[in-house]
Amino acid sequence: MQLHQASWPEIEAYLERSKGIVIPIGSTEQHGPNGLLGTDAICPEVIAKHAGDEAGFLVGPTFNVGCAQHHLGFPGTITLRPTTMIAALNDWIESLVRCGFQRIYFLNGHGGNIATIDAAFAESYANWSLDGEACPYRLKQANWFTLPGMMELCRSIFPEGEGSHATASEVSVTYYAYPDAAKDVAMEPKIAPSGGFADAADYRARFPDGRIGSDPSQATAEKGERIVKAAAAKLIEDVEVFFAR
Amino acid sequence: MQLHQASWPEIEAYLERSKGIVIPIGSTEQHGPNGLLGTDAICPEVIAKHAGDEAGFLVGPTFNVGCAQHHLGFPGTITLRPTTMIAALNDWIESLVRCGFQRIYFLNGHGGNIATIDAAFAESYANWSLDGEACPYRLKQANWFTLPGMMELCRSIFPEGEGSHATASEVSVTYYAYPDAAKDVAMEPKIAPSGGFADAADYRARFPDGRIGSDPSQATAEKGERIVKAAAAKLIEDVEVFFAR
Amino acid sequence: MQLHQASWPEIEAYLERSKGIVIPIGSTEQHGPNGLLGTDAICPEVIAKHAGDEAGFLVGPTFNVGCAQHHLGFPGTITLRPTTMIAALNDWIESLVRCGFQRIYFLNGHGGNIATIDAAFAESYANWSLDGEACPYRLKQANWFTLPGMMELCRSIFPEGEGSHATASEVSVTYYAYPDAAKDVAMEPKIAPSGGFADAADYRARFPDGRIGSDPSQATAEKGERIVKAAAAKLIEDVEVFFAR
Amino acid sequence: MQLHQASWPEIEAYLERSKGIVIPIGSTEQHGPNGLLGTDAICPEVIAKHAGDEAGFLVGPTFNVGCAQHHLGFPGTITLRPTTMIAALNDWIESLVRCGFQRIYFLNGHGGNIATIDAAFAESYANWSLDGEACPYRLKQANWFTLPGMMELCRSIFPEGEGSHATASEVSVTYYAYPDAAKDVAMEPKIAPSGGFADAADYRARFPDGRIGSDPSQATAEKGERIVKAAAAKLIEDVEVFFAR
Amino acid sequence: MQLHQASWPEIEAYLERSKGIVIPIGSTEQHGPNGLLGTDAICPEVIAKHAGDEAGFLVGPTFNVGCAQHHLGFPGTITLRPTTMIAALNDWIESLVRCGFQRIYFLNGHGGNIATIDAAFAESYANWSLDGEACPYRLKQANWFTLPGMMELCRSIFPEGEGSHATASEVSVTYYAYPDAAKDVAMEPKIAPSGGFADAADYRARFPDGRIGSDPSQATAEKGERIVKAAAAKLIEDVEVFFAR
Amino acid sequence: MQLHQASWPEIEAYLERSKGIVIPIGSTEQHGPNGLLGTDAICPEVIAKHAGDEAGFLVGPTFNVGCAQHHLGFPGTITLRPTTMIAALNDWIESLVRCGFQRIYFLNGHGGNIATIDAAFAESYANWSLDGEACPYRLKQANWFTLPGMMELCRSIFPEGEGSHATASEVSVTYYAYPDAAKDVAMEPKIAPSGGFADAADYRARFPDGRIGSDPSQATAEKGERIVKAAAAKLIEDVEVFFAR
């Protein structure tokens, strides 16, 4: 069940049986020569939809632009400043709580979001903690790619060149979601360099085509499908535990 | 061409022939007994995609949560505070300008966003005006439902009960986009009351099922298709003028 | 009755018979070769005072600097950023509500303020809507120049060259208010060009002497008086409806 | 010369002979049983106008609502939060600097503003200091009532009951400015209590009719005129030194 | 008793006998050729600790970076923008009030902090005043160097060259606190120039080695000890009055 | 070398041989029945000082209040909101960069700070990335307790009851730093429960005396000394690599 395709009476009925919702959250940023700019938003969106359809939980709209300042050296990237993202996440959270939700699970697709999402949660809880009242809701984030067993699965499918940005796995997931958007691009070098980075200029200097440690030319829709199904199964387990807490 | 399904080298190539982009912008808010919560985001997204595919211009990710405080009396609604939305829009604008875009056209699907988008534009221009430098980019917003001829078309398709919120037209557009999400709900009264409103409590008291002036039970996917095609044609004309300015 | 010339016991007594107040709101910005920089603040101030004196409602201090980034190419212009204006308006609103006012009517003199005032209202209501409580007060804005019949009147007095910035009418109103400040300046061209604009550099390039579409050399204090009296009459009607709501 | 009654070409001409401007800054807050709510804005406005007319310097619009949280226990009081005031003052300053002004002199009428104006100046300078560039403009604030000799003069006119809020002097100045607004109210006790305060509830508990240490029933327009003239003379001296720096 | 060396049960016990706390607040900024960058934080920290140990009141952690934009021309200086400092102080205040403190006394070591601390207090009180509720806590700031009799004492110890920045007294206090950090530097000129300043560039141009009006080569740990003891005694008196209010 | 005990000419000299600085960053929050409220600030401060003295690098003032909303159920805890902390850290960073520092290493003592520090770094870099300029400085954070080998060392010293909050190791470090502050308190239960938490009320309910998983009654100053020396050695290695980058 997807919130944006539901009517308000349907949400009202859902809230009678569950106070939980899953929000896909990602980024719009370069993903190398053959990866989609929307990769980090598409992956959690597809996985959450798959899981929500199967398990009957509600999936909200996708928070599709996140913290991507380091990718601004590549055109098509859009970023929020962390403080803007904290403000926006808190408005989403306040709205959902106002509607009656008490368990909000953010399924994240972008490593660069993790810290800011955590800071946003602390900002939200701080209002209650400073007021001296018990906060009636709980917030959780999890990356689809670190759900139990997922890193192992992805590395078993791509023993070489899974990488850490523009990974073979995430590109596969997007090709499964949008087969027509698959791009056939030769990688040079075959496997991209690895390492850390600071700002956008630094990133582009270290990783000239945008990839980190990956060979996403191995990506296929079929592999993506396998990943989506595995991740959705793990997500269902994790969500059920969280909603029941 | 959709940004989130393109790679960065494809955007780089696009920027060589155009500096313009269209951003669908909407809201996630109740749309009456049979309307989708995502209506205001879905409509500009579908119309912009249709037009972009036909005319070859780039469509960015959808800004899918806007200013909807007055709908918070109905579950499923999510809002940004206007100041949060101004901050987020300015981060999107700065990012796109950083990438090389110089004409950013927001295709809007929600009347409640108009003022805040305008304020966000003034906030953006003010930085240049206060610095005493000429701003190198231009910003524009237009509602899909007020593009030339659109109000006339919608009212000719729905001579009674087009309304002003949860309109028969916008519900039709979403049914065309997501036929499986169409809902068969009897309206009572047939045509909803009309009028103004202040906060969420006031809105819910005046418009108990969320509609204003409309009978969206007339909505069909076929009518939605007709509206999408007409709006896309008008959008292409408007975008071309704006990009050429 | 003007708040800034009243004592607090007089306001306390007023609040026993009315919970309504009118706040003139304008801008400090260039108004062409013979227009006053304070025009947009002076006009609503004079009209509101005239109406308040006649009808007995309370007029607050004038919010005299608004959103005028596009006029910064001409010396003497002062602007607030839209986000600053939203913060300031909310502090005014919270203060007035704290004092007991429940109907706050902003009489606006500047088109460039409209969007930001609306955004400020939504910001104010959002606090209540997100909290799930009914907001006990109501906010309204109206431009003096779009009160019922005013545009027709102004265009009948100035059939040619009323224009849309530094209009013949608004300059007339200020000459009525401050006869000694009237300036005799020849206009070249007689009627200024019309059109849209973005930032300050763009504005100054398109409208070299600051006027848009107007010939304010026709302005006289006598015409201004006629306009003030007509606007005040219409304001009284509108305020009475709003206060009684 | 008053900015709001001047045209932009007149300001352009003024800037050729001076880069300095005086901004009256006050508050809208209770001033006891017979004092005007606008007292703290009216006093610097009248004195600055008097001095500017005599000495030929430019007087800008009045910043008429300041930091008055402690007076909110009395109806008619309007306050800005200090952070809002800092933002607004910085927008004013940036605008004036953009126009070409390099010496901005705030003539203050309200003790409660002093700290926040100073903080706003530091906020403005900090941008330059952190950037490592020399700030090209200078900011100054002075209270009309602490200009050289003014406290002595006021206390000589009112040897008893000058006080420190709703002073006999400031009420006199407003009666000179608006003779029709003079109010005849008996004071009980004759001289109000003195002391410190924290928030609005604390203030109202300590100073039940709003006055601190004063007997403003002694106020007359004639005494006000004397004070205005003396203050204007001192202001001219101080402004000339500041503009010449 | 120092909060950062206490456990929470010790604070819980303290709160049963007192609701008061003293927070040393300073700055990290240049203090001339032989003064420590931490001078303005060290002085109130040492004095508060001395007094707290003697009188048994609680001393909190030191707020060690303040408003020092004007010193940024000298390396080692760190500043907060005033608005950042207001936000941080309000978070400290809210936290302490949440813990049960009702009297918070800031012992300040830096003249440049005074205005911003006052503005922060007004920001804190404004929330209560706008809500119409009585604020249950009280805030106070005092400079150690303006406690009763302190200026006289310092000037009696240093009849010439006490000065107003990098004073002989404050350098003495830091030498008493950290004898190993004492520096033997000849001053040229013997006594530094005096005057006002604006931004960092202006400050450095007027006061090339950072001192204002002082000859801190006279500083000794022994004199520092005398000053600390005198200030601590005065602080105890002032704190006791404040806590008892 | 410690910045707050140095003079500006000493920092100027230091900057000729190094552009790097280490900033201890911690929190002021409950640390169980026998732990100091300042633990998380004291630990990195002591370790950084020890390392800086040995290796000759500069240590700045301690950022001593961080993100601790979850500890507000225990008196003595002080927190910043994450957005306040981001603002404050950016002011520190801007100041240090203005002074000439290009490598800023934050030695962290509090797990709850990690996300917000990362967000603050992204906020800082974003300004450069959005401007399209290469950022000239680099930022790094590391926890003293996760420096290479430290967790192993701490667990070897405390095979049982090291825990994750109010750990035996961190309490030992503070007892080494302030032997007089050591507290002899029996723990009940011997080893505290483990698990996650949300806001302050949730934390206090799950961890009634504040500890998580630890038995800090094992803490001694001697063990603390051993930990400090080991951590300082590892810090020196890590800092040298970072400064040389």
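Chains here go by letter, A, B, C, D, E and F, matching the order in which they are written, and residues are numbered from 1 within each.
In this text, contacts are C-beta pairs under 8 Å (C-beta built on N, C-alpha and C of every residue); 3 or more make two chains touch, one makes a residue touch a chain.
Just so it is clear, the structure is predicted and the values come from calculations on it, not from any experiment.
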Partner chains that subunit B and subunit F have in common: A, D
Distance from the mean Cα position of subunit E to that of subunit C, given in whole angstrom: 47
Chain centre separation in whole Å, for subunit D relative to subunit A (CA means): 54
Touching two or more other chains - residues of subunit E: 72, 79, 81, 83, 87, 95, 98, 129-130, 132
Chain-level touch network, classified as line, ring, star, complete or other: other
Every chain pair in contact, whichever chains are involved: A-B, A-C, A-E, A-F, B-C, B-D, B-F, C-D, C-E, D-E, D-F, E-F
Sites on subunit D touched by subunit E in the complex: 67, 69-70, 72-73, 79, 81-83, 86-87, 112, 114-116, 118-120, 122-123, 125-126, 128-130, 132-135, 138-139, 198-202
Contacting residues of subunit A [partner subunit C, same complex]: 94-95, 98
Subunit F-facing residues of subunit D, complex: 129-132
Subunit F contact footprint on subunit E (complex, rising order): 3-12, 15, 28, 30-38, 41-42, 60-62, 64-65, 72, 74-81, 83-84, 87-88, 91-92, 95-96, 98-100, 178, 181, 183, 185, 210
